[in-house]
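Before I ask anything, let me first share the structure, which is written out below as structure tokens.
Order of writing sets the chain letters: A, B and C. Residues in each chain are counted from 1.
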Amino acid sequence: MAFKVVTRGFEVRSGGEDEVLDITSDVREAVAASGLSDGVATVFVVGSTAAITTMEYEPGLVKDFPEMLERVAPKSGIEYEHQRRWHDGNGHSHVKASLVGPSLSIPFVKKGLALGQWQQVVFVEFDVRPRTRKIVVQLIGE
Amino acid sequence: MAFKVVTRGFEVRSGGEDEVLDITSDVREAVAASGLSDGVATVFVVGSTAAITTMEYEPGLVKDFPEMLERVAPKSGIEYEHQRRWHDGNGHSHVKASLVGPSLSIPFVKKGLALGQWQQVVFVEFDVRPRTRKIVVQLIGE
Amino acid sequence: MAFKVVTRGFEVRSGGEDEVLDITSDVREAVAASGLSDGVATVFVVGSTAAITTMEYEPGLVKDFPEMLERVAPKSGIEYEHQRRWHDGNGHSHVKASLVGPSLSIPFVKKGLALGQWQQVVFVEFDVRPRTRKIVVQLIGE
């Protein structure tokens, strides 16, 4: 089969700070639509106050994960230099996003992503207001 | 040379919580066996309570890295929502795994991985019991 | 168009601990010079005491991001096992580097990286002295 790059962008609308959205089906659909059998899916969020990772998507962890990050980069009680310069109230959002990271690489084989049964691809919103976000899923393979 | 995708899965048996295993030789062998010269190696752990990263694999850091994460997501003293719902005692394991992340991308050139001399590819077990884990190494290149 | 792998290494000289350098233009130049239109850029730092991520590169966050990590892995006040064994004063540098991670994958389309306007690719030095670092940018695509 021929090698191909297939890039698909889609938008998500986040409800606001610390929302975690399951985007696994979007990645699966991109693989299915690509016609590719084997390769790598790169999932990338555009912007500097959101992140991509995997987790077991269930209502408990959807709270626990942001709470862990609140301990690391609290919204209040710390003077962020970003805040002193820009006054947009999201210094903590930025540092959390840089820590978790914007990209994820997932192999797929015979059109199936190498995810575990309890492992979903998630988008995490760290900004302090609802945002429309662009996520890029790019597939390279054959 | 022709472009190829070569995917290889292997299993590791972890001894339990916070064990760090050096899997560099597995990645190296996958590159050697692929016949590829230049490309990217994607290393991905299947499951939501383990992670992949790089470190200098020596007995000190193998303790220091999990201890840092214990400060971020302590096993005791924090009420995890995951625990309240599922009672499996591993809420802290999940959030640490999502933070470190399940995937790593390493370029290789002339069959050699772009790792430093003191930089190994490691698997980190965060779950509270020994687990058999599947790791996928996928090579794309020519 | 034909599929290709193009690998480019370059060096950065860091000024010392916690310095954050914007390397976006290096990645852009690698894409431009490759002749490739669509594919994935893998950015990888060689070594175990530095990391790659994205952030809005401005003077505030350049301080806030290392300060967050200092809370997670303080330079003083914690006895690192790495220090007890090697006495090189950089146990905290190692664990921070493993947490943030050495690799980043960014899709590019029509020669343009999928970065946001306020999202730069950054190198972060965690070691306790200035270092000359090798960064690998590898492009795979067509």
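Definition applied: a residue touches a chain if its C-beta (ideal position, glycine included) is under 8 Å from a C-beta of that chain, and two chains touch if they have at least 3 such contacts.
Predicted model only: the values in this text are computed from it and were never measured.
Enquirer: What angle of turn lays chain A on top of chain C when you fit their CA atoms, given in steps of 5 degrees?
Expert: About 120 degrees, rounded to the nearest 5.
Enquirer: Given that chain A and chain B are copies and touch, would you call their interface same or different according to whether over half of its residue numbers are shared?
Expert: Under half of the interface numbering overlaps between copies: different.
Enquirer: On a C-alpha centroid basis, what's the spacing between chain A and chain B, in Å?
Expert: 19
Enquirer: Can you tell me which residues of chain C touch two or more of the remaining chains?
Expert: Correct list: 3, 40, 72, 99, 101, 104-105, 140.
Enquirer: In their shared complex, at which residues does chain C touch chain A?
Expert: 3, 38-40, 53-56, 58-65, 68-69, 71-72, 99-101, 104-107, 109, 114-116, 118-119, 122, 140-142
Enquirer: List the residues on chain C that touch chain B in their complex, please.
Expert: Answer in residue numbers: 3-5, 7, 9, 40, 42, 44, 46-48, 72-73, 80-86, 91, 94-95, 97-99, 101-105, 136, 138, 140.
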